[in-house]
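Please find the structures below.
Okay, so chain A shows up in both of these, paired with chain B first and chain C after.
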Partner chain A sequence: MNKTYDYIVVGAGISGAVVAYELAKRKAGSILILDKDFPTAGATGSCAAGIRAQFGTEFNVSLMKISLEKFENLHEELDYPKELIGLHQGGYLVLAYSEEEMENLRRNVRVQHKIGINTEILTPEEVHYRWPMLRLDGVVGATYHARDGHADPFYTTFAYIEAAKRLGAELRKYTPVLKLLTEGEKVVGVETPDGPIYGGNIVVAAGTWSTKLLKDIGVDIPLWAEKHEILITEPLARFLDPMVISFSKDFYAQQRPHGGFIMGVSPDDPEHWFDPKDYNIQSSWHFLKKMASTILEVMPFLKDVHIVRQWAGFYDMTTDHHHIVGPIDAYDGLWILAGGSGHGFMFGPSVGMILAQWIVGEELAYDITKLNWKRFDEGKLVIEPAVVG
Partner chain B sequence: MDPEKVIVCRCEDVTLADIRKAIYELGYTTYDEVKRYTRAGMGPCGGKTCRPIILRELARYWNTTPDKVPMRPTMIRPPMKNITFATAVEVEDNE
Partner chain C sequence: MKRIENHPILTFKRGKKIKFYFEGKEMWGYEGDTIASALVANGVKVFRESLKLHRPRGFYCAIGNCSSCLMTVDGVPNVRTCITPLKEGMRVERIKGKGALHYEN
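Presenting the complex of A and B:
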């Protein structure tokens, strides 16, 4: 007989890890985290792990401000060696290639300043002065926020999982949820290959796999997997601190702690799927070619540098590129945190904490209730202008 | 030798003590888990040097031989030979 839990968290990516920890910290009850593979087996383990507060709405900037503060203190909160969170705040440098784009960035910066995110606006000359290695052909201006950066997605997720375990949460790996179990209007547990596991509350944090799990109990959410590719180079001596991105050219590139450059560019017409049985994670030559020609325009110094690894992962896209969070009130006890839309790693620490507050009935650190699953049917989409791909 | 001082993965600076902690204290007992928990094997060399050592440690835990340690089939990750950006721009993409 399997034990009965107060909370079953389905999925041990950044989302499930944060929710489980934040519930355990609040002594919400007994918690089981399930993963069909192991922590970071999904999008979290294939992501670029960039963190930025340079968004264009008060909503996203406020949430990212909370996330940044979380990341900055995570080693203390989770009692984990600082170097093992891998937080590196080298900033994000956002390049603009037209006056219109620059005007949008300026507008975003006004929003950011209002929230206390001190982004700088730079001329091409100032960019050149600080980062002379970048080629700025066509660049009309840029913005830079020094507290942006990246954290290690593996270390961060495991730090949350281990902290949750120390607070009493259990982790069961290699245990897929085959079906969510319901009785009338309530969820009562999950079916697994080892038999049913019962629980009063189920938090679906299964990334792009959430869609199918919910569809099987009659809940439709507009969340799909979109293939995005990424590569890393051989290590070079460290000389470029910020993540360099452009919204119009849809690329990001950054030098990692061990010196390799990690980068991605969005596909013109991304492959996407709703059902996991269709997923295709093959890397492509097309990406390699597009990435190389895009990046050499900005970072010509990479010309003779070797690409050592290339992989593909799934952006967890929703119609308005925001998470789906909160109760799925078609069933009592059913909750969701999924659909970070290519920025689910950086929002994980704030949105996951706020969901735990929502679940236990605490006051929310920031009101995210508009990210509820009904917004799509009600036509209340949440629009963000500053997204890459 | 002191496991704290034995470096298993040079690329990611992971010691034998780190590997053993993952396996014996935290219960990460497959190659995929040890790799993600410690980052050993994710460095620029792609695990060429450290993978056999980690598999040997896991084989000891499972009381088996290194080739029988539980592991997810590895994804083939092109480029099979390391190529430069200058070469990548030239590739024919007619897949």
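Presenting the complex of A and C:
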């Protein structure tokens, strides 16, 4: 006989882990986290782990400011070894390849300064002085924010889950939710291979798998899986501190603490799917070729470096590239946190916390109610200019 | 030299002699050697050290998989010496810690 819970969180990626912890911290009630595999088995575990506040709208910069503050104090708040969470604030260096692109970056920086994110605007000469290893052919300028960086997506998620467990939450791995159970206009639990588990509130934080779960109970959300590939090289001595990205060339690359260079470039026409049965997560030579030719223009020092691993992951994309957060009011007790669109890890700590505040009826640290699921039908999309991919 | 000179079944055809340098020291191998086989023939057993505990690492898988033989060759770090042919005048060095990159810009 399965126990009944106050909250069932579906999905143990960064989003589910943060919501579960923040609910437990608020003594919201009994909490069960379910994952069809194990924590970080989906998009969180395949992500590049970047964290940046260099966005172009007040909304995203404000949320990322909260996330940065969270990341900076996470080891204390979650009582977890700092070296495992692995926050490294080497900054993000955003390169501009045209005057128009640079003007957009300058506009973003004006927004960032207003929120208290102290991004610098650099000339190519200044970039060359600080990072002489980069080749800057065609670069007209750049922006750099020193507090941006990366953290370990695995340990960060584990830290949240361990902290949630200490506060009484339970985790069940390898327990797929086959169907959300409803009675009339209310969710009452989830069906699993071990039988039904009942709960009055369900938070769907299942990334790209959220769409199918909701569709099966008649809720349509514009959220799909988009395949993005990534690779990492053999470890080398520490050499390059910032994450280097370009919006126009659609790439990112950084050196991980152990020395390997991790990098990605967006496909011209990414494969995408709504139904998990169609997913194809195989690596392709097309990516390898595009990645190598793109990165060698900026980082020619990588030419003799061996690649040790290549893999793919699914961005949980939405129409306007923002999360879907909040109550799905077609059913009482049904909540969603998914659709990070390639930024789920970095936004996780802020958006997950704010959703927990929303659920328990607290004042929100920042108003994210416009990320509700109805915005697509109402034509109220949330637009962000600064995205890779 | 630690080469098998006489073998009951196999015969060895050696190419011409090649000079190379290990840690600045002059050594000799033959055309057809890999860097690693030439090093072993010259009595070099330690190719690198393990990253965490700094234990000696030497000739091991011999097929370019295990990273036990990674060395710096002519300034390029992490060369798999067991599958890289020896060439005249090569400068082979042990990597201190992780291989260091160089740039010319």
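Going forward, the second predicted complex is superposed on the first by the 389 of 389 C-alpha atoms of A that agree within 3 Å, B and C clash if a C-alpha of one lies under 4 Å from a C-alpha of the other, contacts with A are read in each partner's own complex, and residues count from 1 in each chain.
Quick note on the criterion: contacts are C-beta pairs under 8 Å (C-beta built on N, C-alpha and C of every residue); 3 or more make two chains touch, one makes a residue touch a chain.
Every value quoted in this text rests on a predicted model; they were computed, and no experiment measured them.
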{"item": "Joint occupancy of chain A by chain B and chain C, clash or fit", "value": "fit"}
{"item": "Superposition-derived angle with apex at the Cα centre of chain A and sides reaching chain B and chain C, degrees in steps of 10", "value": "40"}
{"item": "Partner chain in contact with A:G361 - chain B first, chain C second, else both or neither", "value": "neither"}
{"item": "Contacts of A:I295 with chain B and chain C, given as first, second, both or neither", "value": "first"}
{"item": "Chain A: partner with more touched residues, chain B or chain C", "value": "B"}
{"item": "Partner chain in contact with A:G195 - chain B first, chain C second, else both or neither", "value": "neither"}
{"item": "Contacts of A:D304 with chain B and chain C, given as first, second, both or neither", "value": "both"}
{"item": "Chain B versus chain C as contact partner of A:F239, first or second or both or neither", "value": "second"}
{"item": "First, second, both or neither for A:G218, with chain B first and chain C second", "value": "neither"}
{"item": "Which of chain B and chain C A:M133 touches, first, second, both or neither", "value": "second"}
{"item": "Superposed arrangement (fit on chain A Cα atoms) - minimum chain B/chain C Cα distance in Å", "value": "6"}
{"item": "Set of chain A residues, in rising order, touched by both chain B and chain C", "value": "234-235, 259, 302, 304-306"}
{"item": "Partner chain A, residues of chain B touching it in the complex", "value": "11-12, 26-28, 30, 32-33, 36-37, 39, 42-44, 46, 72, 75, 77-79, 82-86, 88-89, 91-93, 95"}
{"item": "Chain A residues touching chain B - in the complex, by the definition given at the top", "value": "37-41, 45, 152, 154-155, 158, 162, 171, 173, 234-235, 258-260, 281, 283-286, 288-289, 291-293, 295-296, 302-311"}
{"item": "Residues on chain A engaged by chain C in the complex (per definition of touch)", "value": "128, 132-135, 234-237, 239, 259, 300-302, 304-306"}
{"item": "Partner chain A, residues of chain C touching it in the complex", "value": "51, 67, 76-78, 97-103, 105"}
